[in-house]
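Worksheet for the structure shown next.
Which chain is which? They are A, B, C and D, in the order written, and residues in each are numbered from 1.
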Amino acid sequence: MTVMEQRGAYRPTPPPAWQPRTDPAPLLPDALPHRVLGTRAAERVDPDLLRRLYAQLVRGRRYNTQATALTKQGRLAVYPSSTGQEACEVAAALVLEERDWLFPSYRDTLAAVARGLDPVQALTLLRGDWHTGYDPREHRVAPLSTPLATQLPHAVGLAHAARLKGDDVVALALVGDGGTSEGDFHEALNFAAVWQAPVVFLVQNNGFAISVPLAKQTAAPSLAHKAVGYGMPGRLVDGNDAVAVHEVLGEAVARARAGGGPTLVEAVTYRMEAHTNADDDKRYREDAEVEAWRAHDPIALLEQELTGRGLLDEDAVRAVREDAEAMAADLRERMNQDPVLDPADLFAHVYARPTPQLLEQEALLRAELDAEAGRPEDEPEGNAR
Amino acid sequence: MTTVAVKPATMAQALGRALRDAMADDPAVHVMGEDVGTLGGVFRVTDGLAKEFGEDRVTDTPLAEAGILGTAVGMAMYGLRPVVEMQFDAFAYPAFEQLLSHVAKMRNRTRGAMPLPLTVRVPYGGGIGGVEHHSDSSEAYYIATPGLHVVTPATVSDAYGLLRAAIASDDPVVFLEPKRLYWSKDAWNPEEPQAVEPIGRAVVRRTGRSATLITYGPSVPVCLEAAEAARAEGWDLEVVDLRSLVPFDDETVAASVRRTGRAVVVHESGGFGGPGGEIAARVTERCFHHLEAPVLRVAGFDIPYPPPMLERHHLPGVDRILDAVARLQWEAQSR
Amino acid sequence: MTVMEQRGAYRPTPPPAWQPRTDPAPLLPDALPHRVLGTRAAERVDPDLLRRLYAQLVRGRRYNTQATALTKQGRLAVYPSSTGQEACEVAAALVLEERDWLFPSYRDTLAAVARGLDPVQALTLLRGDWHTGYDPREHRVAPLSTPLATQLPHAVGLAHAARLKGDDVVALALVGDGGTSEGDFHEALNFAAVWQAPVVFLVQNNGFAISVPLAKQTAAPSLAHKAVGYGMPGRLVDGNDAVAVHEVLGEAVARARAGGGPTLVEAVTYRMEAHTNADDDKRYREDAEVEAWRAHDPIALLEQELTGRGLLDEDAVRAVREDAEAMAADLRERMNQDPVLDPADLFAHVYARPTPQLLEQEALLRAELDAEAGRPEDEPEGNAR
Amino acid sequence: MTTVAVKPATMAQALGRALRDAMADDPAVHVMGEDVGTLGGVFRVTDGLAKEFGEDRVTDTPLAEAGILGTAVGMAMYGLRPVVEMQFDAFAYPAFEQLLSHVAKMRNRTRGAMPLPLTVRVPYGGGIGGVEHHSDSSEAYYIATPGLHVVTPATVSDAYGLLRAAIASDDPVVFLEPKRLYWSKDAWNPEEPQAVEPIGRAVVRRTGRSATLITYGPSVPVCLEAAEAARAEGWDLEVVDLRSLVPFDDETVAASVRRTGRAVVVHESGGFGGPGGEIAARVTERCFHHLEAPVLRVAGFDIPYPPPMLERHHLPGVDRILDAVARLQWEAQSR
């Protein structure tokens, strides 16, 4: 049987042949976000995982602060920080196998880095030397997507294609609370469910879409409740609890891998910085609100657990910090070098082969640059603009 | 050339055959869209494909054009070659963000690392008595979007040859199918070996000395008819079928206009901001001193596509083309 | 307090301040579609309503068959029949007050006619003499919408505007099962819920989107379950039970009118004819399936009830049929007259005032028409195309 | 004219002031979009409006552009005058189906019974170092859509005057705001009585005898700068600011070109299929025998908008404009 024929074969029948519609309970999220840290369940978590998550969270936070610092020095055009959301970013990266794919949104540079991308290459978009600084196929990380929610159907299509080819590949796609309002969110989730594609959607509900709070974005009981309308399970998780996010995503990935279809996960978290360095969050939220969330910091939560269980001594902390500092120093240093740019790139990748028109335009630019540089200029050709 | 008895086939059938052959040649080719499977498409272009290749490769999607194109992008990212059908021209609009922001840009965005071999088939244009939203000529939107190839056949054999080329292309191609030519037939013979027609080459469909009609898609047969009718007026018109709007074959077009010294661009799409302006401007840039008169345009009016009972007034017809030819300043002022 | 400030003021708070997410039960539809006819509840229904619905159903069916006949005679370009779905069409029209608005899709000519539109004017789009044959403001019926689901945000915006103005107006928007997959469906429902707009969405689930069965359109337990994801109630109703549809819609309209916000209603019904006269439904469904639905015909169901309760004698039936025949005869006769067309209309309504360019184009066309008619032609002007 | 001390304001402020005045004058005017309320818009154009007029009239919508425009259509159907903000050019694309199939067609569809007085504000163009999708010049799509007016200011006072006219118009207007001019200032004085600038009139920003630069929006200041620089080369350039692309002011443009005999069209938008082709073609149709050289175009390249560090190569600058002027066949062959 082919992949597509496996689908439930609904045929319209009149009553009395009607069957009661499936009980939606298995699709509904819990009333409160799932948490592990600070609960008994934490005790059963593999210490290695805790340590790995911790190291990545610290590194991630450092990455965020370093990148923000680089915007102040004019070395980055813009940086949408994920400070406060590192648990989601890191768990999303760690939960995947090498062969799986990650579909980040514009805020998720960190997830890409945690997945193994070069920290500088990952910043290419935001530095402004090119749109994407890495080969997506190398680490199976799609380009950071700026148009919100548009990458979700890509994730569905890729996961579906992998399944059609018989490959054991799962796609994990990230989107914000604001992004859930877009039509592409809806269409992606619907295709995923109809096709039973091996894809997991992680909504990082950080309370805001730039200045717009969640209450103006949705009237739903939770974003995870949207799953019901697609016939896929919805899960609600504490987005600052790295272990809980890792667990919930892990279950969803496993389910997708086993042919069980897509899952929608909502992680409740908070954006601790302004939308980007260019934003002024004083205009739309109170300091007190931000402060209240500081008590629920993802790194502190995990540190408590590790310390409490005696899994983290001073040396370990120091090692983790040093690693993070080394990464930051390397990032700083390499970002302080001007990237080497080739204007010819403008024309080289529009098509597999430049059109005659692009070749003309490239020649025009080359002549201009030569003239600027004082090199002998070719005669301008004909009437080409 | 044809020696065996020709079994005429329609353009719709030739397109279907191109899809079939492409799918048979390359397992990466997938067909998807609304009603393309079981039904075989509302124009029956995909008739029989689902039966032959199965639902996994010929897929009836949910009714959501952005979703169709967006998932096709993902499939192409994984190495497939999706061929997407948009049911009618205006129903491609919901997919424009995917088309403009991703399909057209993915290769460039990734410095060539992530090409998108993806074909978007769009039945377009009027003349079939369709109600609102079923007769748009939307090529202006596509040609203004760098990263897309834009192709449109006017003959049955080009329909086959260009669609094969589109599917084989490593770049996204918007493949515009002139709806009212779906049922047209010509000498194309499905029994003969088939040729792929490379994208980017215009063709002179009729040679002539007096003036050049530059056109494409549904207006090609109209221009050929006009050229025949023009003989009575003493004009010997050349007709150039562009076939590919992007890339544009400047060479063939300019060579023709340099020979004839006069040109009229003909298309159904609205005039203002339509392809005709680009074409007239390029031709003038290249042939200015060969021109006896400004390049004129015969296009659809600058109005929303009219209802069926009024569409004949809107569509460029033989008379309107000849009227334009008549305005090409034959009593040449000395220049 | 203004309309928009009434919205629940969600502020992001960290745990332990988290509240359990609202119980979704009030949003969930019943397991089986709501029915009245053939149940005890039918006895309590106002006989007048039953008779009104009956008369309209019979008339509606006749309208459908007449319109289909007109396509065969070439008097209509195309007709998407609502035969089998008359209960939805009629109930949607009758449930509204004069001041309310109806937003039909391309299949809902009948709903527009049942609301009071001239039967010929309502067919203008499908006849092909213009795009819309009526002034939407006259009967508060929006133009029949061909691009699927695109009229839903219009309904939301209109209802919202009315509420902002303090007008007591409800909008009812119709869409098909296929249309629920479009992004516009999602965005419309979300805006409606966030704004608490007085709007009701009626999905006529007739089993198919042209050839595509529901199983390829959604994996949800029902389309009504989609309501949960927007935080609005979802209702499931037997779409062939005119009384049940009228009741469920009536409740939703009343709720909207009272400021209770939007409702999503799914009516389970069946399209008895091909998609349009141009479609060949043999390609995608079995006769047997169609036949099975004949036993659940909306007119027959209502007739049974009326006859059973002694509310319909032969005279009444005859009167209803005669009224329907008279409507059909009038429709036939008027549709057999060629509409008077004015090509100048092509240019008159693109803008409030035609642009200079349109005036040139109009002059060109007029000259051509004059030449065709053998009238003296003006000198062609300049180089205008 | 100005006698009191001029208090310079930015274009963004002038736009905000136009919105404010329109709202104060007409309770039907509503402002809606992403972040337009509490935040005052990412460019602060709507700063202060929510405070002054309340959330019912200045609304932070959910994040969904088709929904924003689609609900605005419904609001306009009920008699309001919505002014919609699209946050950046490329983020208007998801709303294209609503724009192309409804906004542009509603009046025509209903034979005038249902006009849509609706303004869509689109910050557009590059030069601000924006990443992907934040610098598109999408005017080609808008001008090819009959039923829309397309307007773009280049000066602070036009920003005020044209936006007032757009909001007052009974037709939908796509109001293109040149992002990099948001912070520009000129003699516009918010303290003085303000004038509405009717839509559809181009203006000669600088008179000259040698050749005409035809331009609009962000390229107007660049052309003025080029005209100054050209004096050194002995060229006296005229600069026409179109202000309105639809309707197009053929009269002003053609009159200028007839005077000068030479023209270059300048815009940021990609060249192929961009507005420049239309403009060059129309000018040539109307002024053929006055032209000493073909109308040339200086436009963005036919590429996806480049990343910040490369955008200076893409944007038409003074040198590229002067190079084009130099190609206008000054050593005129006798014609």
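A few points about this structure:
To be clear about the criterion, a contact is a pair of C-beta atoms (placed from the backbone, for glycine too) under 8 Å apart; a residue touches a chain by one contact, two chains touch by 3 or more.
Note that this is a predicted model, so its numbers are computed, not measured.
When each chain is reduced to the average of its Cα atoms, C sits farthest from subunit D. Comparing the chain pairs B-C and C-D, the larger number of C-beta pairs in contact belongs to C-D.
Centre-to-centre, using mean CA coordinates, subunit C is 39 Å away from subunit D. Look at where the CA atoms of subunit B average out and do the same for subunit D: the two points lie 31 Å apart.
If you average the Cα atoms of subunit B and of subunit C, the two centres end up 35 Å apart. Chain contacts: subunit C has residues 130-131, 147, 181-184, 186-187, 190, 194, 216-218, 345, 350, 355, 357, 383, 385 touching two or more partner chains.
Residue positions 61-62, 64, 66-67, 90, 93-94, 97, 101, 105, 108-109, 132-133, 146-147, 246, 248, 272, 285, 288, 294, 296-297, 301-304 of subunit B are each in touch with at least two other chains. Across the complex, subunit B meets subunit C through its residues 34-35, 37-40, 42, 60-67, 90-91, 93-94, 129-134, 271-272, 294, 296-299, 301-304, 306-310, 313-314, 319-320, 323-324, 326-327. Across the complex, subunit A is touched by residues 7-15, 17-18, 20-24, 27-29, 31-33, 35, 181-187, 190, 193-194, 196, 206-208, 213-222, 225-232, 236, 238, 240, 261, 268, 270, 289, 292-293, 295-296 of subunit C. Touching subunit C in their complex are the following residues of subunit D: 30, 54-56, 59, 61-62, 64, 66-67, 69-80, 82, 94, 97-98, 101-102, 105-115, 146-147, 149, 169-171, 200, 246-248, 250-251, 285-286, 288.
Residue ranges on subunit B touching subunit D, taken from their complex, read 66, 90, 93-94, 96-97, 100-101, 104-105, 108-109, 132-133, 140-141, 143-147, 246, 248, 269-270, 272-282, 284-285, 288-289, 291, 293-297, 301-304, 333, 335. Every residue of subunit C that touches subunit D in the complex is listed here, in rising order: 2-5, 130-132, 134-137, 142-143, 147, 150, 152-162, 164-165, 171, 183-184, 186-188, 190-191, 194, 345, 348-352, 355-357, 382-385.
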